[in-house]
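Before anything else, here's the structure in question.
Lettered A, B, C, D and E in written order, each chain numbered from 1.
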Amino acid sequence: MKHLNLVLGAAGLAVFLAVGEAVPRLGLVKEAYFPPVSTIAGALAREVSDPAFWTALGDTLTGWAVGLALAVAGGLLAGVLLSVVPYLREATASTVEFLRPIPSVALIPLAVLLYGTELRSVLLLVVYAAFWQILIQVLYGVQDVDPVAEATARSYGLGTLARVRYVLWPTALPYVMTGVRLAAAVALILSVTAELVIGAPGLGARIAVAQTSQAVPEMYALIVVTGLLGLLINVGARTVERRALSWHQSVRGEVAV
Amino acid sequence: MNGTFRVLRRLLFVVALPAVLLTVWWFASAGSTDVYWPPLETIVAAFPEVWDGERIRADLLPSLWRLLSGYALAAVVGVALGTLIGSYRTVRAFCEPVLEFLRAVPPPVLVPVIMLFAGIGDGMKIVVIAVGCVWPILLNTVEGVRAVDPVMTETARCYGVGGAARLRHLVLPSASPQIFAGLRQSLSIGIILMVISEMFAASNGLGFAIVQFQRGFAIPGMWTGILVLGLLGFLLSVVFQLVERRVLSWYHGLRDSSRRSP
Amino acid sequence: MLDVRGLRKVYEGSGRTVEAVRDLTFSVAAGELVCLVGPSGCGKTTLLKCMSGLLAPTGGEVLLDGRRVTGPPPGMAFVFQEYGRSLFPWMRVGQNVELPLKQKGMAKERRRALVADALESVGLADAAKAYPWQLSGGMQQRVAIARALAYEPQVLLMDEPFAAVDAQTRADLEDLVRRLWRERGITVLFVTHDIDEAVYLGERVVVLSASPTVVQEELVVDLPVERDQLNTRVQPRFAELRTRVYEQIQAAKRGSVSAAPGAPGAGVEKE
Amino acid sequence: MLDVRGLRKVYEGSGRTVEAVRDLTFSVAAGELVCLVGPSGCGKTTLLKCMSGLLAPTGGEVLLDGRRVTGPPPGMAFVFQEYGRSLFPWMRVGQNVELPLKQKGMAKERRRALVADALESVGLADAAKAYPWQLSGGMQQRVAIARALAYEPQVLLMDEPFAAVDAQTRADLEDLVRRLWRERGITVLFVTHDIDEAVYLGERVVVLSASPTVVQEELVVDLPVERDQLNTRVQPRFAELRTRVYEQIQAAKRGSVSAAPGAPGAGVEKE
Amino acid sequence: GSSDDPSDKSSSSGGVTTVKVGVIPIVDVAPLYLGQEKGIFGKHGLKLEMTPAQGGAAIVPGVVSNQFQFGFSNMASLMIAQSNGVPVRAVVNGVATTGEKGKDFGGLVVKGDSGITSAKDLEGKKVAVNTLKNINDTTVRESVREAGGDPSKVKFVEIAFDQMPAALDSGEIDGAMAVEPALTTAKSQGAVEVASSYVDVSDRLTVAMYFTSAQYAQQNPEVVEKFEAATKEALAYADGHPDEVREILTSYTKIPADLLPQLTLPKWPAEVDRGSIETLRDLGEKDGLYTKTPDLDALLP
């Protein structure tokens, strides 16, 4: 079955690539602006053979990983805290809703002001954007606790911490997993965007150079790289999920029937 | 606890923290000479001047229209696609790699590609917003649909509840708490993408205005724009919560009923 | 009508493989009312799910009117043991009962009448507007029963449907099932762990062995078709039959080590 | 020990207001075994939840050793009617049983022993490694019971704990509860809808009226403390007591219109 | 991260001062890269650390907060910043127009078959500029005016340079004010140039300059002086060695090799042309770019 999934996934990608090749070849858009997949692949090969590319990739991944880790840790902590202390949640709700839609891109001048083009500048934007994804998922996940399970835990004298660990956390886990997958992509997007706009070293900065240089295939090649990163990240997330949620209907349902 | 008291208490909770934060900001920024961190007083003073009726009509309303259209588009596509993907393992295996690929592409670099296909008008902006908003909805729908209680699934099968009725009466309601989590996420992402999309090929809009202030070094103006974004987000989330409370009344009732009243 | 032939079901997954049903063969004639009894965990629910086509058997087959069952056939209603989870929490009680009828494409008026009737007959006429989670356990179970009754099935599968209701209501519901069975000529397969109930209700009692399950004994209940709570239960033949079933269940349990409560002195020595 | 004084509980919400319990006053002495019976939906579960501090009463109060109960007191175990949902699906059976013990800060070895013991005594020794959703209904219920037993509570509240197990297992479990009660001197409050069970188990039977609920009758079960399934149930006094309880429940149900099954001819005419 | 210690904004060791310069990775800043490579900056005791950014949004705050010591910005942006009280000081010339119509590094292009032949024909049409209310729309307005048209009838939209060729090609816009390499790309796709807007303002127009913050200029006058002197030398060198400029471009841009020889390079005079800046200021004033008139004496060196 695992193999079947792999084959199907590869087939999906193949169809996608074929469309990407066909659209410019059929003249639906000009090749100069939307090069066919084969041209992009050529550019990608050139990129990959450039050591500077790998440094840039490393920079982007560092920003992504550190930012994501901070956002996940912060989001989980805040989410659990807010749901365990109801007053806190009520008191912060309006502020959270106010802050959430403020786009990271609007914060770019402030980030530069504070940290220049260093990694920390990227981190600020990444954490700011990804944090909310986790927080909201945790809040909704915690709300999903089965009242009977909750009553059971309380009646057996499980304290707050124990209830968080044994009841709240497992219930919220499916939501959190989704949140982590969302946040992982957002973190990647933001680290690339930050590099793109601020010029912090990384893939984004390379994309910016390609854009201003009218190097269209190179630009698409770099975009493809970010997409592939997202793909890999998701494979990782799914693997973790299969292990962590083996008891959950969403996973066991797949095995049974 | 009588009615008015309860309303007052809620109101207190809503305004207390923002009031504290604003006060802190007010005093911390007072007398600041840094152009990028103007005193809050300056920002507040600039507010009515910047956001007069004309600007609201010219910038805020078009933005709202784009936001709501893009969001609605994302909601429809996300739920429909998510239900499909969540219901069939093979479809999921087939689509997931491509979707994950697309999901990881940053909207700012995606915009030029979208411009190739959707032009530079409102259509492009709506598509950009929808493309960004769709992911939380899609992912949450997929997971929600996958998690439908097996006993309920069997009940539906047994009583011949299939096809569209199964979707309407079983799958979607059962997944709705999680779908709403996604919708909630997307709301603020939509606002963010509204700003991003208006950084490209725009000549009006809230995001356009903010970027214009920023580039024109009208920093208090930029700050008022950020405040408007926050307020917009807050208002939309209030509306959203009202809707959610209605649609998910069974869910909240179920959750609350067995909890002790404080 | 319903034929179970060499049915076998093995659960696999999460590192635990259980042979729930080993080899079951029996049949239920059209219009028969059969009770199934057996030790806890012996595979009664599994059997019912296989018969209704909800679960694919590992081996053997289930035939309905000679055709192999692969999915839930129309005209079959199921009352689940997990009654609480089989009600949709987002629908009010009335809507829960009405949904399958809607599915059948029934006219609104007729639906309304059937729903009202079914709820009335389980004593929940005034709970139609409540959500299931606002009801007590027994009330929820009765909603699930009402849903099955309103559906007007040809075949009715009931998995411990009266487990959560009080004695009086239970007696009423037993009579209700027998009455419906006689009036409508439906086929009923009824799982219970109450031996008296099995004998009182059934025309035949099938006793299952402990897991891995086979048919331990099939017993024809030769009580008159007209039964009532007061007189039937005191008939000597009733006592004989219930003793017989009891013995068989005990034999079934003894056959298996795993399911025997191990607390010393807790066992009941009967003959 | 446990005093319920003028307890009242009104459920509000979603446009439905139900006065589940109107005015309940009774008490349970330390080391007593009291059975609660009453019509379905009369408020037994509500009462138990209020007594354990899980639910805040609308009026009146519950006292434990003279102190008002506001949250679940330590040393109290609860077996929920919704046994399936009270087990954590993300934990294996053994872990489910062990969790409260961990919470007590018990040493690992002792925990292991208690868990193994408790599972053994409900006949599930070999299911410790399974997930709850891999078990049958009756097995799940027994896990919930095992969890309560392993907890070694002073006060044990059980809400229809044997509803899903077969007759034989049920008898064994009844004896197990009585044995534990006698050996450990714990206080037990036991909700059941099986009248025979109530009389067989309890030292006292409290009969509740239909909703809105008051105490319909309190009955001291003057059977000898030593009871066994075979002899106790055939004693004339047992028959008297069970008839008395039965009558009271019927009276309770007649008192209320709503809960009476309305199917004509379905009622049982007894005296 | 390029620097480990945030407080160490500019460090000097062994007589060499390292400064960070916020630049846009385009042709305009080639002299800096070239000068660095040729050792011109080293000779003056400077080591440049180039930080490419997408535009003024990142560079100006970076310079103001001393994250960068110097930055590159067009004149209009600098004047807008100055008039809004942002403490910036222009240091040395950045880039200037070639002064030859039709042979400048920036130009107003339209689609080949559009029938538009002069800037006047753009009345009622949609013209793309990279940023609204900045140097490019102001200069385009001047072109329209010079061609006898009414600039207020032109509709401007904001599109990044790199997307202009595609947007022009698809007819989404009627004209675009593009700079190299977008200009050459657009032309190679059939676009025609109808005006050289920078030249229309002044044939010696100073388009962009390097700047620093007032605070930094005050505290480190000698570094600023060194930067000015070295940059002037680098500008002169670049102006005289176009082939080396094309060569150095491959090191920090990705301009495709086939495009490289066709690019029109800008002029890099060492001195700013104050007169042209005053013209630009006055035009900007007319277009409402500033809240109050920029003080050129305070801004320019």
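Methods note: contacts are C-beta pairs under 8 Å (C-beta built on N, C-alpha and C of every residue); 3 or more make two chains touch, one makes a residue touch a chain.
Please read these numbers as outputs of a predicted model, since none were measured by experiment.
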{"item": "When subunit C is superposed on subunit D by its C-alpha atoms, the rotation angle in degrees, nearest 5", "value": "180"}
{"item": "Contact-richer chain pair (by C-beta pairs counted) among A-E and B-C", "value": "A-E"}
{"item": "For subunit B paired with subunit E, centre-to-centre distance based on mean C-alpha positions, whole Å", "value": "38"}
{"item": "Whole-Å gap between the CA centroids of subunit A and subunit D", "value": "49"}
{"item": "Averaged-CA centre spacing for the pair subunit E and subunit C, given as whole angstrom", "value": "83"}
{"item": "Interchain centroid distance [CA atoms averaged], subunit A/subunit B, Å", "value": "17"}
{"item": "Where subunit E touches two or more other chains, by residue", "value": "55, 57, 61, 64-65, 160, 162, 166"}
{"item": "For subunit A, residues that touch 2 or more chains besides their own", "value": "33, 109-110, 113, 148, 151, 196-197, 211, 247-248, 252"}
{"item": "Sequence positions of subunit C contacting 2 or more other chains", "value": "13-14, 82, 85, 131, 134"}
{"item": "In the complex with subunit A, residue positions of subunit D that touch it", "value": "49, 52, 54, 71-72, 74, 76-78, 80, 82, 85-91, 99-100, 103-104, 131, 133, 147, 151"}
{"item": "Residue ranges of subunit C touching subunit D (in the complex, touch as defined)", "value": "11, 13-16, 18, 37-46, 81-82, 84-85, 120-123, 125-126, 129-131, 134-139, 142, 160, 163-173, 175-176, 179, 193-195, 228-230, 246, 249-250, 253, 258-263, 265-270"}
{"item": "In the complex with subunit D, residue positions of subunit A that touch it", "value": "146, 148-149, 151-152, 154-159, 162, 166-167, 170, 173, 247-248, 252"}
{"item": "Contact footprint of subunit A on subunit B as seen in their complex", "value": "10, 13-18, 21, 36, 89-90, 93-98, 100-110, 112-113, 116-117, 135-136, 139-140, 143, 146-150, 177-178, 180-181, 184-185, 187-188, 191-192, 195-196, 199, 207, 210, 214, 222, 225-226, 229-234, 236-238, 254-255, 257-259, 262"}
{"item": "Residue ranges of subunit B in contact with subunit C within the complex", "value": "149, 151-152, 154-155, 157-162, 165, 169-170, 173-174, 176, 250-251, 253-254, 257"}
